[in-house]
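Two complexes follow with chain A in common, the first pairing it with chain B and the second with chain C.
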Partner chain A sequence: MDQDIQDILASVSAPTIPQRSIDLQALTRAWVQERTSPELLPYPSDLIERTMERLKKQIDNIENMTGTMDPQANFTLVIFQTELERFKFLIRSFLRARIAKIDKFAQHYLAQPDCLSPLEREYLHAHSSLLSAHYSTSFLSSFPIQLQKLDDTTGGISMVDKPDEDTAVFCRVLRDILEPVEVYGESETNDVELRRGDVWVLRWSAVREAVIRGDIELI
Partner chain B sequence: MYGEQANKLVVDAKRIQNLPHLPPYASTVVRATTKEVRDLDRETMNLLAQSGDGTQIKSFFNPADDPSTACALLVNHLSMRRNKRCLLAYHRTRTDKLEQMCWAGVDVSNLSQTTNNGQPSGRNSAGPVNSLSAEEEQYVHQYNDLLAAYKGRWTDVDLTGSLEPPKDIFIDVRVLKDAGEIQTEYGSINLTKNSQFYVRQADVERLIQQGYLQRLS
Partner chain C sequence: MALPLAPGLTPSEVAFLCEMELVTVIPRQRLPSLELLAGPTARVEPPFPTPLPLWFALLLKRQRRANISPPPWLSVESLTAILDFETDDRTAGVFTPASPLPTSTTEPYMDRDPYLDSKSLESSPPFIIDSSTARAPGDALPYHWLELSHLLLTHAADDFVDADTVRRLVRDLREVRMSKLRKGFGVLDAGAGVKMNGVGAMEIAEVRGFVGGVVDGLRKLNKSREESRRERELEERESGMGRGGYPDDDDDDMQL
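== the complex of A and B ==
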């Protein structure tokens, strides 16, 4: 628990910490949150850009170091490479988690592409046009016209698959939330107060805003 | 009639989810289901035409006037929608599977020949049958291109790399198949069958995925 508070303090009182450590922490947090939240979170373009730049620099750096073949530097090199691999893993896993969600709820994100990066948008459009072309050559083209739509929301069951916003997520409160959050169970609703350091299991829809604001983090 | 064919597709799709390979495309069932939808649609049109004045379809139809027709229309309509859902689900399950293979770097062009060998499926025992439909093959090629394009924007990260958190940068590998010579930052290595090496994981990641190398723990 002590460790957690340290983490939280570190993230709140930023000025003394160099930008790169903050970025690492932010990246790790973004990665964890992307993997746990049912919905796509806003794309942290600045953060990813900074990290990718640093990654490139580090790759060059490592290449230079291997070029000199200094036996003294070998140990440092191993550490650098390990760090590099870990960074690459973080970004890779983060992007793959996003792609998985985009693929799963393609129609939904086509309608509201705010959270996507330009690249992801490109991918989504290309992918869904591929899919619909595949459907229509396979069977849909011989259907009656009124049944050929892929994003039909009329008639009982909507064809647009949405992320489940009421699913439960584990979260930790980073800053006191002034407004009590309303939670509802089987029969009644209740208010809970969220204090810094608390760990809760709540519905995603209840904490969504606070997570995007950064007052709560998913764990 | 009424969704029997489509049900087969759904059962099949459920089965595909847990299979390591992709069974042959059920083109006959797909065609039968599509035909059923067209038949139902024609019947619906006929019913509507009868309930109108015979020449044109009434835009407004009061169910209370003619409950039996209303019921028939509803059942037809729901069956058509259900068939569509089933068809979409079947195709989606298959494309998902194919996409997974694309991400894993499986060479899909070989897939059509190899998946059927050694599978005691019973049906179609006469020679290897292409398990992908022509449309699916085209889809796979296009998706591979799309994936390559997207991956190309993230060359430093290698999106299709391992999703296991990296622990060591150097690993022991054994060569299962001759893979020729590879270039690494530490010079070139000649990968001959049954030899063992201590190499950087990032250099041989692809070869492990493709089955040339085996990782020794």
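== the complex of A and C ==
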């Protein structure tokens, strides 16, 4: 009975969540997942755009409010600024976590630029061309031609550093996963069922698709 | 520019997340609804308890504009009951179950929906409604229990009936659960399939480096064995298929 009432309440109150609050949830999740996944995740361009737009408006708003001497307005200002700083931290940390991955696996993402934003792509190209120019003037040019490549894949071993797709990640299941996930154990392969609310340590490669669908979140 | 931190949230980042939890505030002063970036806040009118994000509540508390009423699970009775459960021999292998996620209200993911689309975004801690407000359940610890108790006990100790006992119980609980977590590492396996229901955010932050390192290290050690087994399983599956009436037409497929 209690459960029924909760269901009804939930269905009634759900549509009233403003878009801005959902965006905060999405942004928070984007940040946490980017901080915990071994690989770059898709860039949520619409979300970042909307948030940046709101940040700009809020900064204007705060600038208009400064100058009043009213103590009540001053306190409101403190609240606005605190929240603004929290948002700025989220976005900054999110972008910096992405840049760290781009720097680390530059050659890999040069070949697969799908999940980069236009700005990140620009950064990656500029940065890697600067680096390779520097390498070739300082030492690469004195090497034999066949040893000058930075992305050599001959001989069975690739020079390109790739994110380790099998890294263990902590995740929470948000929607039941219908197909059991294969887990490679020490002596046997097991199928595990992932149910809503479960917390697991699994390989990134096993959950990547579900994370991008939003059925599983990284924590 | 690039973030110099290893993957995984640091304890201060976990606390930052926890500050987005809603808590119940008992105001002493009136405050109109504010148009924040995260949506309008509730109007604050004494003496009505109002749910507000923790960071906001702490700001009000510091300026003595409000009191924070601790969630029901952060009371002496609830913590004692939870501690009993945690120390019971019969439940030595599991944590206190977290309260279930509320009924899902979002649409399932559709193909070609963008990543983190708002239609299919399922809410999760710290945005679960009523996980740390005065209406929270008293018999389960929420995901951010340790950070939340720490923040409340540090900044709003005078709002507790018996802050010292609560503090002691929280510390006991933390130690019991940590030792459980460490014992659980016995089952760590190269397969990286460990279920940890009921674990808290700060506990994950504490063990992430260790668990991740062990699981990844074991996987690398067992890599060759795992690959040969995977091949063998694949072969078995294929030969099984072959007997089932599909004579090996794989090569033909390749040519088409």
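The rule is short, and it goes like this: the second predicted complex is superposed on the first by the 201 of 219 C-alpha atoms of A that agree within 3 Å, B and C clash if a C-alpha of one lies under 4 Å from a C-alpha of the other, contacts with A are read in each partner's own complex, and residues count from 1 in each chain.
By our rule, a contact is a pair of C-beta atoms (placed from the backbone, for glycine too) under 8 Å apart; a residue touches a chain by one contact, two chains touch by 3 or more.
Quick caveat, the model's predicted, so the values are computed rather than measured.
In the superposition on chain A, A:Leu55 contacts both chain B and chain C. By the document's definition of touching, of the two partners only chain C reaches A:Arg213; chain B does not. By the touch criterion defined above, A:Thr82 lies against chain B and chain C together after alignment on the C-alpha atoms of chain A. Once the two complexes are overlaid on the shared chain, A:Arg96 sits against chain B and chain C alike.
By the document's definition of touching, neither partner reaches A:Pro118: not chain B, not chain C.
In the superposition on chain A, contact of A:Pro180 is made with neither chain B nor chain C.
Of the two partner chains, chain B is the only one that A:His134 touches; chain C does not reach it.
Of the two partner chains placed by superposition, only chain B is touched by A:Phe143; chain C is not.
Using the contact criterion defined above for the overlaid structures, shared-chain residue A:Thr66 touches chain B, although it does not reach chain C. When chain A is checked against chain B and against chain C, the one touching more of its residues turns out to be C.
When the two complexes are superposed on chain A, the residues of chain A that touch both chain B and chain C are 55, 78, 82, 86, 89, 93, 96, 103.
Residues of chain A touching chain B in their complex: 52, 55-56, 59, 63, 66, 78, 81-82, 85-86, 88-89, 91-93, 95-96, 103, 119, 122-123, 126-127, 130-131, 133-135, 137-140, 142-144, 147, 150, 155-157.
In the complex of the two chains, the chain B residues touching chain A come out as 30, 33-34, 37-38, 41, 77, 80-81, 84-85, 87-88, 91-92, 95-96, 99, 133, 135-136, 138-139, 142-143, 146, 149-150, 153-154, 156-159, 161-163, 165-166, 168-169, 185-186, 200-202. Listed in rising order, the residues of chain A touching chain C in the complex are 6-7, 10-11, 14, 17-26, 28-30, 32, 35-38, 41-44, 46-47, 51, 54-55, 58, 75-76, 78-80, 82-84, 86-87, 89, 93, 96-97, 99-100, 102-103, 164, 166-168, 170, 172, 174-175, 183-186, 189-190, 192, 196-203, 212-215, 217, 219. Considering their complex, residues 1-5, 7-9, 13, 16-17, 19-20, 34, 36-40, 55-56, 59, 63, 98, 100-105, 108-109, 114-118, 120-124, 126-127, 189-199, 201, 204, 208, 211-212, 215-216, 218-219, 222, 226, 229-230, 233 of chain C touch chain A.
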